[in-house]
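Quick heads-up: structures coming right below.
Heads up, the next two complexes both have chain A, just with different partners, chain B and then chain C.
For the complex of A and B:
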């Protein structure tokens, strides 16, 4: 039975076993989503948006769709996967099931809790009705799949005028208690006017068993809100991930989505920004450092619908061995969106003999009074710089790492949480196989 | 002097009439509308073609029947009804074998209007012209001068008769019949075009030029150009096109194949000025062209195009850099106005070592037009030290037009260096202010800026053609240039 058939029959099982409330409008949304998925199927390479990424290698497994066990994990075993140097709110899932032991949630002034709880309690209904699945791409079959199976995830609702004292960490662990597992976390983040929120998201597999994560996050930033979202993707070689993040911004809000991809077998990131007001700032940053046969596909969309907004996009990639990088950066500027400034930059370094990069920066501009540009480069390390350092006694490996680190530093510099910046720097050093002799 | 603003320019652009929109009343022989194997056999018979050619066409037709019209381009247009087009139309009185004096005086009059009267061309130094009206080649000049050097420059229909081996060897090698929908259609029904062969070591002493014109209504033009530059040779080839103003949409589906053998260089320049439709978007030519060149070792192909006409343009002059050290270049200015739509760009396929490519694309959109750049730079795993530089800039005039870029960059080799940059903007207030402040009035300032914007490409045109290209740009953007 193909994965698609398996998923569709699992959905029926979910309905029949009473796992979900069949009468609610929410269930209607699920049904529509599964019907859309059934019609669309998994994307193939014939689909323009998936031209360079084939899902065949990850779809061939016989995934279990509803995790059965509730495996326990000791904090000391997984401490290293948290940014533990600072106080944070934590929402932790183990094999898709909430772990209250590792988590630190709150309802004090604002809600940082679970999707499953929000789905059950009537007081959250209005928020869910207003926001849930309103900006997720209905044309995207994989997002529809996630919508159909929405069970668990982070639910973050911050009211007006709140500056969160500490960042929120959303961490998903997979213990490998089941052989092949498909997980579909669904996050909803609603940030009220003038509020500030920082989110760090991580998905980590603790065994070598195959895992496929299909995560969807919707972020709503109301007027003057500031939201920073950091995604750490440093999973092992059997873990694959399709992450879709949809962001809606109201006037004067500032949202940044930052993706750090260092691991995983196949990673696909969809980041889509929709503007609903003037004077919005959007930032999308990403760095990918890959080796072996890893594959990362960054798909971004910024849709400028209103005047006087700005977007900044910066993606860097370092590709070693037989790794593959894909970058597709779409910027659409509607006719009404005069005075838009949209900048996009994508720089890549190929180190591996069999490494591949496919880039498609794309501008679609319907307004005349705009400043839009994109730049894309693919190149190698500067030989004279390498020679300079080696002639001064820096070994080749370190010299190379130093140059690569400098190359990626522009992205790392944008991190606003110092401890996270240090963490990312260490991950980069680790990935490059060196100890950088300086502290950040 | 009254203040000339960008709005005035826009106004002028929108109301600018198509200067080449005249129709010459030529007595023409036109085939009945429709397309089937009989029509193809009839075209082939009309041309007195050998059997292999007829079979080749029929094969292409069968392939075409299986294909679907491409949908991926960023253009919207009513799909042409391929059964409502006449696939052969020839001015009756024109006979390419007679001297110029025998040419229909009305034809000569038409060339005069085109600004390329043969008399004038004769006076101009060193341009040999092959003129294709509707579907057949009507005049080729300087044939003898070229023959002395061993250069073959003639209508492809004659080449099929006189040099069947050469045509057979090269035709369809760069753009195969199966390549795409319009290339297959062209392969089946092409009625004429130019053939050019430069022998080993010969530097063609003059620019070779072809003029295409669709004259008859209800016809399509399907010409095929094949340029072969043998080892160490050089040729510069020019191509221009116009059509009368008509309410209907006419189809132009051409195929151009360039073959640059070892150490050869081909410079191919196009000034495309098919009728773009009137200012309400009615009529105009659908220009669906497949152009591709193959570069062998140490050779170079350079495409330069000035695209000002056509209601819908769908055109990607490409280079397959097969040989080591080969070079591909693409310089383009695409101007769209009113309801014109252009989806144009290039493909640079790097296969050989040390291959280099340069892409400079300038798009200027005005009125309600849509201008897209679509390009592919592909570095094969074997293409060590490949180098590409791409730049595509768009200038928007007015807030109802659009400029889009769809660059695809694929690299499979770690030694490749690729740079791509694109910008979109309007004529900057600051730029205008800077000029005004220094005593340059707004009209001149706009001219200066547009000129400067296009210069990189205009400079690449051969001298003889640059005058003409300037003129065409003036037509499309009159009031801003000069």
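For the complex of A and C:
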């Protein structure tokens, strides 16, 4: 049975087993989503948006679809995957099931808790009705699949005028309890007027078994809200990830979505921003450092619908061995969106002889009084810089690493949490295979 | 210290150096002058190991050992230093971090422990004062947005930090105003000892007023066509290069 057929029959099993409330409006949404998925199927390379990313190799497995009960994981075994140097709220899932033991949630003044709880309790119904699945792309079959199977994930609802005292970590572990597993976390983040929230998200496999994660996150930033979302993608070679993040911003809000892609077999990031007000700032940053046969596809969309908004996009990629990358950055500026500033930059270095990158800036500008720019470069290591460093006594390997580190540094510098910045820098040093000769 | 024997080198099929012979002893300062295109910069690149140039004949011997098979970093570990005519900008790496890495790599190669952070800072303070460098340059990205003069000063600062046995200053005077030139020359002079040697590559005589050479060599079409004392530089300044061809 193909994965698609398996998923559709699993959906029916879910309905029949009474796992979901068939009479609710929510179930109506699930049904529509699975029907859409059934029509659309998984994307293939014939789809323009998937031209350079084939899912064939990740779809061929016989995935388990429903999470089992929580497997035991000791904190000390997984401590290193947390940014543990600082106090944080934590929403932790093991094999798709909430781990109360590893988590630190709250309802004190705001809700940092679970999607499963929000789905069950009437008091969350209004928030879900107002926000859930309202900005997720209905044309995206994989997002529809996630919607159909929404069970668990982070539910974050912050009211007005709250500056969170500490960041929130959303961590998904996979223990290898099943041979091949499909995980579909669904996160909802609603940030009220004037509130500030920082989120660090990570997906980590603890075994060599195959895992495919299809994650969807919807983020709503109300007026003057500030939201920073950081995604650490450093999973092992048998883990693949399709991550879709949809962001809606109201007037004067500032939101950043940042991806750090160093690991995994295949990673696809869809990041889409929609503006619903003036004087909005959107920041979207990413760095990919790949080797072996790894593949990362960054697909971004920033849709400027209102005047006087700004967007800043910066993606860097370092591709070694036979790794492959895709960057597709779409910026749409509607006719009404005068005085838009939209900047996009995508720089790539190919180190491996067989490494490739397909980069496609896509600007669709219908307003005339705007400043929009894009720059895209694909290059190799600067040999004169290599010689300069070597002539100072820095060996080739270290010189190369230092140059690559410097190349990526512009993205790392944008991280607002110092401990996270240190962590990302260390991950980069590890990935480049060097001990950088200075404190970082 | 350095012996260059019948050195032939070039890029691809084009010969640039066509039989250079030169001996530099410890404690000496040699100036290499010559018109544009005579091979001055190629010579410094070949000595420091730039792989863009191919050595087709001859040898470069440092302290009785051929260095032609060594990589640029290995030569640096043996005490070769070149001050670049056009120092490279490296955004994202601060001057401090760069020089720390360079020093510790050299120490590692020579079987020494890393220099303790406290000593490193002291050394940096001392040497940057010698070059009258504004401390804020040290925390900025290496050479990024530096003026020509600042870049050259930074080169000599790195030289001061690394304490090379053989320093090659490639057109260090270009892009320097007279005040900066004096500071840079003063820095070089203070670093001179009986154990190290300096090769000054320059187009003009001006720098040699401040870094006084023991020997002057004139390079023309890949060969040393004339050698003499410091008065040769003055003669060249007065007469130009034409009479020597």
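By definition in this document, the second predicted complex is superposed on the first by the 439 of 440 C-alpha atoms of A that agree within 3 Å, B and C clash if a C-alpha of one lies under 4 Å from a C-alpha of the other, contacts with A are read in each partner's own complex, and residues count from 1 in each chain.
FYI, contacts are C-beta pairs under 8 Å (C-beta built on N, C-alpha and C of every residue); 3 or more make two chains touch, one makes a residue touch a chain.
This structure is a prediction, so every number in the text was calculated from the model and none was measured.
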| item | value |
| --- | --- |
| Which of chain B and chain C A:371 touches, first, second, both or neither | first |
| Chain B versus chain C as contact partner of A:338, first or second or both or neither | first |
| Which of chain B and chain C A:357 touches, first, second, both or neither | first |
| First (chain B), second (chain C), both or neither touched by A:48 | first |
| Partner chain in contact with A:390 - chain B first, chain C second, else both or neither | second |
| Touched partner set for A:73, first chain B, second chain C, both or neither | neither |
| Touched partner set for A:380, first chain B, second chain C, both or neither | first |
| Partner chain in contact with A:8 - chain B first, chain C second, else both or neither | neither |
| Residues of chain A at both interfaces, chain B in one complex, chain C in the other | none |
| Residue ranges of chain A touching chain B (in the complex, touch as defined) | 48, 52, 335, 338, 348, 350-380 |
| Contact set on chain A toward chain C in their complex | 382-385, 387-396, 398-399, 402-403, 405-410, 436-439 |
| Touching residues on chain B, where the partner in the complex is chain A | 72, 379, 381, 394, 396-426 |
| Residues on chain C engaged by chain A in the complex (per definition of touch) | 48-52, 71-73, 75-77, 80-82, 84, 87-88, 90-93, 96-106, 109, 114, 117, 141, 158, 162 |
